[in-house]
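Reviewing the structure listed below.
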Amino acid sequence: MAARARLSYTTSVGKVGIVGATGYTGAVCAALAASHPELELAFATSDKAAGEPVAARLGLSNRCKIHFSRHEDAEKLAASVDVVLLATTAEQSMALAPKLASKTRVVDLSGAFRLEAGAYPKWYGFDHGAKDLLERAWYGLPELFGAPPPDARLVANPGCYATAALLAIAPLVRDGLASPDHVFVDGKSGASGAGRRSDEAYSFVELAEEMRAYKVGSHQHAPEIARHATRFAKTAPKITFVPHLVPLRRGLLVTAYLSARPGATSESVRASLASAYGASAFVRVAEVEGVTAHGVAGTPLALVGATVADGAIVATSALDNLMKGAASQAMQNVNLWLGLPETAGLDSLPRFAP
Amino acid sequence: MAARARLSYTTSVGKVGIVGATGYTGAVCAALAASHPELELAFATSDKAAGEPVAARLGLSNRCKIHFSRHEDAEKLAASVDVVLLATTAEQSMALAPKLASKTRVVDLSGAFRLEAGAYPKWYGFDHGAKDLLERAWYGLPELFGAPPPDARLVANPGCYATAALLAIAPLVRDGLASPDHVFVDGKSGASGAGRRSDEAYSFVELAEEMRAYKVGSHQHAPEIARHATRFAKTAPKITFVPHLVPLRRGLLVTAYLSARPGATSESVRASLASAYGASAFVRVAEVEGVTAHGVAGTPLALVGATVADGAIVATSALDNLMKGAASQAMQNVNLWLGLPETAGLDSLPRFAP
Amino acid sequence: MAARARLSYTTSVGKVGIVGATGYTGAVCAALAASHPELELAFATSDKAAGEPVAARLGLSNRCKIHFSRHEDAEKLAASVDVVLLATTAEQSMALAPKLASKTRVVDLSGAFRLEAGAYPKWYGFDHGAKDLLERAWYGLPELFGAPPPDARLVANPGCYATAALLAIAPLVRDGLASPDHVFVDGKSGASGAGRRSDEAYSFVELAEEMRAYKVGSHQHAPEIARHATRFAKTAPKITFVPHLVPLRRGLLVTAYLSARPGATSESVRASLASAYGASAFVRVAEVEGVTAHGVAGTPLALVGATVADGAIVATSALDNLMKGAASQAMQNVNLWLGLPETAGLDSLPRFAP
Amino acid sequence: MAARARLSYTTSVGKVGIVGATGYTGAVCAALAASHPELELAFATSDKAAGEPVAARLGLSNRCKIHFSRHEDAEKLAASVDVVLLATTAEQSMALAPKLASKTRVVDLSGAFRLEAGAYPKWYGFDHGAKDLLERAWYGLPELFGAPPPDARLVANPGCYATAALLAIAPLVRDGLASPDHVFVDGKSGASGAGRRSDEAYSFVELAEEMRAYKVGSHQHAPEIARHATRFAKTAPKITFVPHLVPLRRGLLVTAYLSARPGATSESVRASLASAYGASAFVRVAEVEGVTAHGVAGTPLALVGATVADGAIVATSALDNLMKGAASQAMQNVNLWLGLPETAGLDSLPRFAP
């Protein structure tokens, strides 16, 4: 074995806490934190697993020695960590985030801090009770909006469909290639996007060999896409979003249909994406047909592609709903927020696939 | 057991021949013919299975006693049957159909007789060599175009995507609810739609947990949809069609996005579909989210639904690509053409699902 | 169309009632009854669907006009039908069967009438409360035990695993080729065998890509196999049975490991099976590796095969757990019991599988 | 962020080469090597991808800068690395290994060095042409046989089924709880175990919803299990091994049926496994029904469990066929052989599942 010096280093280690760590999203957050070279998983809450060793339940390395705490202890525990990730429902996050944000940084993976306050009754079914924090929340899609500013108190981690759709749409609208007048977004997601389910409709027998549209015109990621795409258009785009359930465990694919502006060509739309993401660690530009669920399964990557067909722009975008659609994007935000390399803990993941 | 008279009847039995009966589509055609109360499977060709008993290979009832013939014998065999089904490639059908059509009725399940002659070089990669027959071919989508006329010589059985898309789009355009100016058709199909494949890209390891768009802007069902939708619009509609491969064995779902005309409401679009298909045996109208792959798996049914969302009409359509998307529609055409009840041999199929 | 006389006939139609017709097994029973040429589905009970049209919910032909009745009406309704099928839990069947059996024929698809009375506390967790009926129950595995006698009051329809295991084992033991001393039965079943489930452990996310043994040494089909195999052995065989859950919707495969007696060869074990099932309509003998889930999916067939390897007999057996493992076997028993052809309503099913 | 000292270290980096790096096994080996903190992927051969960047094709971190080499360059390249992994066919490995082993350490993932020379014609279909190397090959199942000795020239990385079976069987036989007289091993494996396939029989349509036994009595892992189990028994055990193909992408489960010796109880068999693997990093003991494919998916772990049922011992064993069944076990052997911590590069893998 050739003798070669390796970098020696001394560094500080950031502490991460996770609220809701036995749901699919929270569990992947915990796995990423536990294997992160610069971070330490300091606490993880789960009422149903309280007291159990985290490593055994989540299949983590035995180096992780902590046991699950109870949700009610989150506020107390938050004071001693550098960042807390909320993998809770939107209503839980809305209630909990203000308490935690006064003590430490908060990355919220729910939808509680992604829309304007006035939109919550319609799209989430509740009045927003943390409007101050909501107004100052940072929308954490780094490739489009950059790193969370140091003085931010809360990062709203984007929705899985919204991440995929915005990555595909934003450059094309910004560069004047696509009209924002009416954008049709067809989404397809695997079943883990719906979280853990004790529900016959999500059983293997009912879901294998099944596919169907759901929440047509009423999915809460539609206004999220529209709101955050506005930054790239001169006017608020109109979005018709139809999500579909397909029989995958993990994986999400968005196919967006946009009106091509004069001069838009397959070359120019591709160049627009390449320009937007050429320097990105996690967003890769591919042929529109090379944007596949397998290409991103188990990785922190998104793939995007676009072409012009029949006078329309067709743009595709794929990600792993639990990774770039949730947990790895949260970790990416944590890295950027704490001043760590964006890819820390995310670049040495061997691809699971096949 | 209560003694009760059942209908007694005497009838003639139609003879059916199938060319290409070991592919997925041909095999399902053979199964339907063999179990049809008014028809008899008189011959079935397959070069790779020539000489083998049909029943054993296809899992049919032992009442079917024939053995596979060779393709080259199709022309000779055709003379003695009432109808021949071609489950062959478009090029094979184009070459074979004229010879057979001079002897008997032909239902072609390939794309060889669905477009105008001029479209073939672009969409199918060959010049059409049977233009006379092509001009007189009948497009066999009974719910929209009725029964094949008695003097027709060839029925072009529609493509799977085209059937699903046209069933959803045609009434809405005809009734003036949707603009045909630009229709976006997002299709999702299970793997059997691609036929038998010895291809790593279609292997279980590569396709499970996978999904991807393919043939974006270049799928041959796009011009088929546009051509046959024209009958229902004042002008030729512009169609952008993007098919996707999803990990199902059987099943096809189309989600179409149309511009709503003033006055179109969720009620009126639903009423349009209900009016179009209220008397149909095989097309059922459901909620837009109730149009599911499971609802049609293994059946001769299509499900269609539509709603208005964000100023657009979203219409969904589902069918089993091997049944209403191919074999059962062919059998429906045979029934109508021969003057049998439309549902003969198709209404007593127990649903396979779950 | 060649004019040809078809058989004309006048016959009586038997009436069938089904208790528990919205579970997977009951629904398939209903589908088979509704499409049966000699039977009529006279009633179907389901508390959760009471009042709904049966055809719409189960995807049956519109010729079926009845609506779901309530379970509590089963006793009253039974008086007017020729046979009632119980697709209920073992405890429900035990309670209901005596009441129904005084009025009409009963086929019970649960385990309530398959074992000796003394075995119920251990294997089913209850004392048997219908011992008289239990003693006279007919074990309805026609290929091994023949047709239910006309004067039987109840047919115990065998368990799915027990059917598969007994079909493979019984001839080999009877013909002295295998020792019954210790038989290892490894079973693998798809998820529909567990019935409709609102249970995270049966969700698509948790079951796709999963497999595991369950009920090791405690599955209630173990004593069922042992009891009914005894008829073919000189002594009660010892059975170690380990079922496994695998990610299929439908399908069951049993691999049995038996000690070969001197003289047993691959030829003689194959001949034993061929002799047992050569005249059978529904059990087909194949190579041990040709016994596949696809070969039986959606059909009333079982496949069996056997070979000698390393001094042991390896026998495989496959069936569709909802068909030969439940509903089609029940219908086969009904046919035989009512004096109809064994294959009536079961021989014209086109195979679902592509 | 709390300032805390982290371990600083200076170390040498081992160089790894992989021959056959685009097959499933080779690709996972490459991913593990590329993300290993103490190793560097120095070369990777693939004739079909020669010249392409390895990172892009295999989805690795962009830190991996090498391009695929050609197989024919393997011998030359081997001279400059610390270890070469052969992810080639048995015949290729047999031909190549002697050349490479004269230059560096070789870990062979094929079956070419696992049996006695005399067994090759029967089980692999060829005469062994590298008998010297074969005689000195080290069977690399560390939990049972320890670390490869420093002076070894070749490690035969065990077969996936053999690893699973031996882990379950060896302690029970060694501790006198199970008789080695006749052991029945029922194996179930996902499709990636068969490698990349352009074969209709492995297509999604043909394999989803399918399961079947294969190579009954003729699978080459049977003699491998028997040979290496002999070390733990007084006599060579008789193994009847039946592998089954089930519709998973990754995952392997073995259920072994053994004759219990007097005194064997569920407690003692469990204790035997716990004693064998209590100190193991990668083999975990679980309930016999807690040994699941999901518990090991994407991890370097094996799960084993055992119980006594009906006078027999039932032992289960699960692993990911591409990890502990191939690539991660190879990397474990590399670690041990090079004197690195056994878990280096293998303990920070976040579990993929769900």
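Just so it is clear, A, B, C and D label the chains in written order, and each chain counts residues from 1 on its own.
In the analysis below, a residue touches a chain if its C-beta (ideal position, glycine included) is under 8 Å from a C-beta of that chain, and two chains touch if they have at least 3 such contacts.
Keep in mind that what you see is a predicted model, and the values were worked out from it rather than measured.
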Winner on C-beta contact pairs when A-B is weighed against A-D: A-B
Averaging only over C-alpha atoms, locate the centres of subunit B and subunit D and give their separation in whole Å. 47
If you average the Cα atoms of subunit A and of subunit B to get two centres, how far apart are those centres in Å? 40
Chain centre separation in whole Å, for subunit D relative to subunit A (CA means): 35
Residues of subunit D touching 2+ other chains? 24, 190, 192, 205-206, 208-209, 247, 249-250, 353-354
What topology does the chain contact graph adopt: line, ring, star, complete, or other? complete
Name, in rising order, each residue of subunit C that touches subunit A in their complex. 24, 190-192, 196-200, 202-209, 247, 249
Listed in rising order, the residues of subunit C that touch subunit D in the complex are 182, 184, 186, 188, 190, 205-206, 209-218, 222, 238-240, 242, 244, 246-251, 253, 255, 257, 259, 288-294, 297, 307-312, 314, 316, 318, 353-354
Would you mind writing out the residues of subunit C in touch with subunit B in their complex? 1-6, 8-15, 24, 27-28, 31-32, 34-35, 58-63, 82, 192, 208, 249-250, 281, 295, 298-299, 301, 322, 338, 343, 347-354
